[in-house]
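For reference, chains read A, B, C and D in written order, and residue numbers begin at 1 within each chain.
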Amino acid sequence: MLNFVESVQEAVSGIKDGSTVMIGGFGNAGQPFELIDALMDCGATDLTVVNNNAGQGDQGLALLIKEGRVRKMICSFPRQSDSWHFDARYKAGQIELELVPQGNLAERIRAAGAGIGGFFTPTGYGTMLAEGKETRIIDGRGQVFETPIHADVALIKALKADGKGNLVYRKTARNFGPIMAAAARHTIVQVAEIVPTGALDPENVVTPGIYVNTVVRVPAAADTTAGSTTGTEEKVA
Amino acid sequence: MLNFVESVQEAVSGIKDGSTVMIGGFGNAGQPFELIDALMDCGATDLTVVNNNAGQGDQGLALLIKEGRVRKMICSFPRQSDSWHFDARYKAGQIELELVPQGNLAERIRAAGAGIGGFFTPTGYGTMLAEGKETRIIDGRGQVFETPIHADVALIKALKADGKGNLVYRKTARNFGPIMAAAARHTIVQVAEIVPTGALDPENVVTPGIYVNTVVRVPAAADTTAGSTTGTEEKVA
Amino acid sequence: MGVMESSIKTSEAPLSRDDLARLVARDIAPGSFVNLGIGQPTLVSNYLTEDQDITLHTENGMLGMGPEAKDDEIDEDLINAGKIPVTELPGASYFHHADSFAMMRGGHLDICVLGAFQVSVTGDLANWHTGAPGAIPAVGGAMDLATGAKDVFVMMTLLTREGASKIVETCTYPLTGVGCVTRVYTDKAVFLTGPGGITVRETFGCTLEELQELVPVPLKAAAAA
Amino acid sequence: MGVMESSIKTSEAPLSRDDLARLVARDIAPGSFVNLGIGQPTLVSNYLTEDQDITLHTENGMLGMGPEAKDDEIDEDLINAGKIPVTELPGASYFHHADSFAMMRGGHLDICVLGAFQVSVTGDLANWHTGAPGAIPAVGGAMDLATGAKDVFVMMTLLTREGASKIVETCTYPLTGVGCVTRVYTDKAVFLTGPGGITVRETFGCTLEELQELVPVPLKAAAAA
């Protein structure tokens, strides 16, 4: 069921200890900062987090890791110049890391949403990231068996939602949003704007409302992430 | 390489005997009728055709089958009230049929475009359509191993192309177009309209031009398939 | 069991196709995402109310399908899985075939309603192929719907024209899916399938004992909700 | 071989990073779809000409990427895989991560240009991880690009700071992909990999014999095109 809530606190209030949480975003684009902050405040711990990275600087996911709330990271690119909180926890053996090539991460998330039990891919074949995994030669190419990544909750950011929960995104902020929305049992979306049902062109909906459970409006901080020059067109309802 | 041609005859002229040809469309929606007629006229034979159906009435794919040009059909729903040409060839043992559940058809086509070597799906498990196929139990569910369907050529129909070959579709005519475009080595598209590069909003492109090789304009017969009330929005370039 | 059986008889006569469609419609929870199969299940859409706010999916690539198109609403680019021209409701969305079937196969539809030749005591479904020699098979999206939806409702007459029960111990027709059916709506009764076998939620125009005489698998009344 | 080697020496000095980027850019066929990796490969974009009509892909979800954004062009929703603000060209398109990587993994990109720690004589690539004890690994899209693109070009200095050849018999660093590299552009030479081993297309500031002294795998001059 779809519901619209008034605050990010309310949006994340159902997240339980031990949950697997997907968090959208690549760089700052599409990162649901306010939802991550609310997850920080709500106290849920022992989390498995799925994100492309493992937190940067002293904010968002990095803080969750610093505070010891993340048991395991599933990601493709944890090490960055400012990933010091992850680095410290990792070197201390206090956080588990499942390192996944970025395309396998995306395809495994997509597989979860699409009901695929597993798939073979050439990516990673013959590398240490395929160690211990089933492999086979298909059409002359070595391939690795990869399994879906499901989640209890997804936290994502979109540009607009309509009354049915249909979503559109903005530029490269789309990134993991659509596939995480489909892979999680409960998808929580922060949007810059909520528009009336009928205001999004059905041809241009990127995430159909069937994949959305909770919507909360978080106005953009400035004019940088939303505004009159958005790339999505609207019909008058 | 992308090229724009003046006629459907020119568009299909490179299709060789023995090719695997994907043909888009579900019902009349999205069927590239003019491209199929041109394929009929160009004489290519011994074809393997991938389509949801196996021809209807006395037109298009049905005529190709009638004339004995199709060696094998890969489809989900061959039998219809007016599929008499397929029925006759099939009963005479003159055409091979690979019957595929519709979702497996779509996912196998998608897998080809996405470089997936094969996948497990619960669809078809325990049925005669899984006979002879590898199966395994994943997370307690029986699943069947399915392989990608590649093609030499795809014939599809879209609403508009821009100068880069980016495509938008119209309503349920979208159906197989995007996934066939990605699965074929050479994708031929008939569009109602060619618009300047920059006239399609980058947020709303459905098939990026990377998947398109040949574009031919075939004006819509009447106002039923294109016109001023289309569902796709345009920016002024 | 006498008391139980009278308590589950909710009409004096077997249900018409329309009455059955109305019953199925009533049983669909508000806000559900639903796929209605071709044929008898399509009737259900006539009885969904606006209050229910049901979103209909059609597997050729659309959510938010409206009623059948009439006259100048007809648009050959807007059809349902049965290739019938339909309409679009506010809040609709279009997507390609792989995305549409991913939606079905990924378990996102709450309910699909399908016709059937046979349903077994363990919820196996046979609805795509008679298996007759020489018959040309055609499967479409039946197997994807049967294995993908959270709940699979079957709508059918209980008996064949020859009077044989379509609820069977083991399907003799080729299977569509294994153990996938959760409810069976028929003109004579509503059956629930589950780990404990088949239970009867209500009967129409017959008692549970009369129903048992028609059906070759053990029936019991469902526990009251 | 004396004649061959002088014929492939095309500059008197080793190439600068910019000269090398210019050379790679010149070698990209018109109309190609290209992904430029983070670091040195990014320089290539400075030398692509409008006539070439190259479309750049960035794996976070875009085709038709334009130059780095400056000043008021900067938009935090429009970045490349290196998280640098970029711009959008006419004819661009956006897509989600699974669609973007499907494009890479499905063999649709004509060329990707990557940096490397090592390339082996059979075209194995090592570019993601030093394998040093305690190093935190990070792979990103490197393996997808290496196995997915039709042609994988490597751009690197031929020698490490310590003077060791990065073209090796067998990679000692953890692999990114097996047998995937088709060309290696270095400051001292352009190498082509193939079933017959490594051939040298041209040298910069050294003869083939001088090059051979630096590289521990057998080199021969490529047949003239």
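The criterion applied here is as follows: contacts are C-beta pairs under 8 Å (C-beta built on N, C-alpha and C of every residue); 3 or more make two chains touch, one makes a residue touch a chain.
Keep in mind the model is a prediction, meaning the values are calculated, not measured.
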Practice task
State the pair with the higher C-beta contact count; candidates are B-D and B-C.
Solution key: B-C
Practice task
Could you give the separation in Å between the centres of chain A and chain C, each centre being the mean of its C-alpha atoms?
Solution key: 35
Fill in the blank from the handout: Between chain C and chain D, the Cα-mean centres are separated in Å by 56
Exercise for the section: Provide the C-alpha centroid distance between chain B and chain C, rounded to the nearest whole angstrom. Expected result: 30
Completion exercise
Each of the following residues of chain D touches two or more other chains, namely 62, 88, 94-95, 101-102, 104-105, 148
Fill in the blank from the handout: chain B residues touching 2+ other chains are 107, 110, 114-116, 121-122, 169-171, 202-203, 231
Practice task
Considering only which chains touch which, label the overall pattern as line, ring, star, complete or other.
Solution key: other
Fill in the blank from the handout: Pairwise, the chains that touch are A-B, A-C, A-D, B-C, B-D
Problem - Sites on chain C touched by chain B in the complex - result: 58-62, 75-80, 83, 88, 94-98, 100-102, 104-105, 124, 129, 134-144, 147-148, 174-178
Problem - Residues of chain C touching chain A in the complex - result: 31, 33, 55, 57, 62-64, 88, 90-95, 101-109, 148
Problem - chain A contact footprint on chain B (complex, rising order) - result: 107, 111, 114-122, 136, 138-139, 141, 143, 147, 168-171, 201-204, 231-233, 235
Completion exercise
Per the touch rule, the chain A residues reaching chain C in their complex are 1-2, 110, 112-116, 162-164, 166, 182, 197-198, 200, 202-203, 205, 208-211, 237
Problem - chain C-facing residues of chain B, complex - result: 26-30, 76-80, 83, 86-87, 90-91, 99-107, 109-110, 121-129, 142, 169-179, 206, 224-225, 231
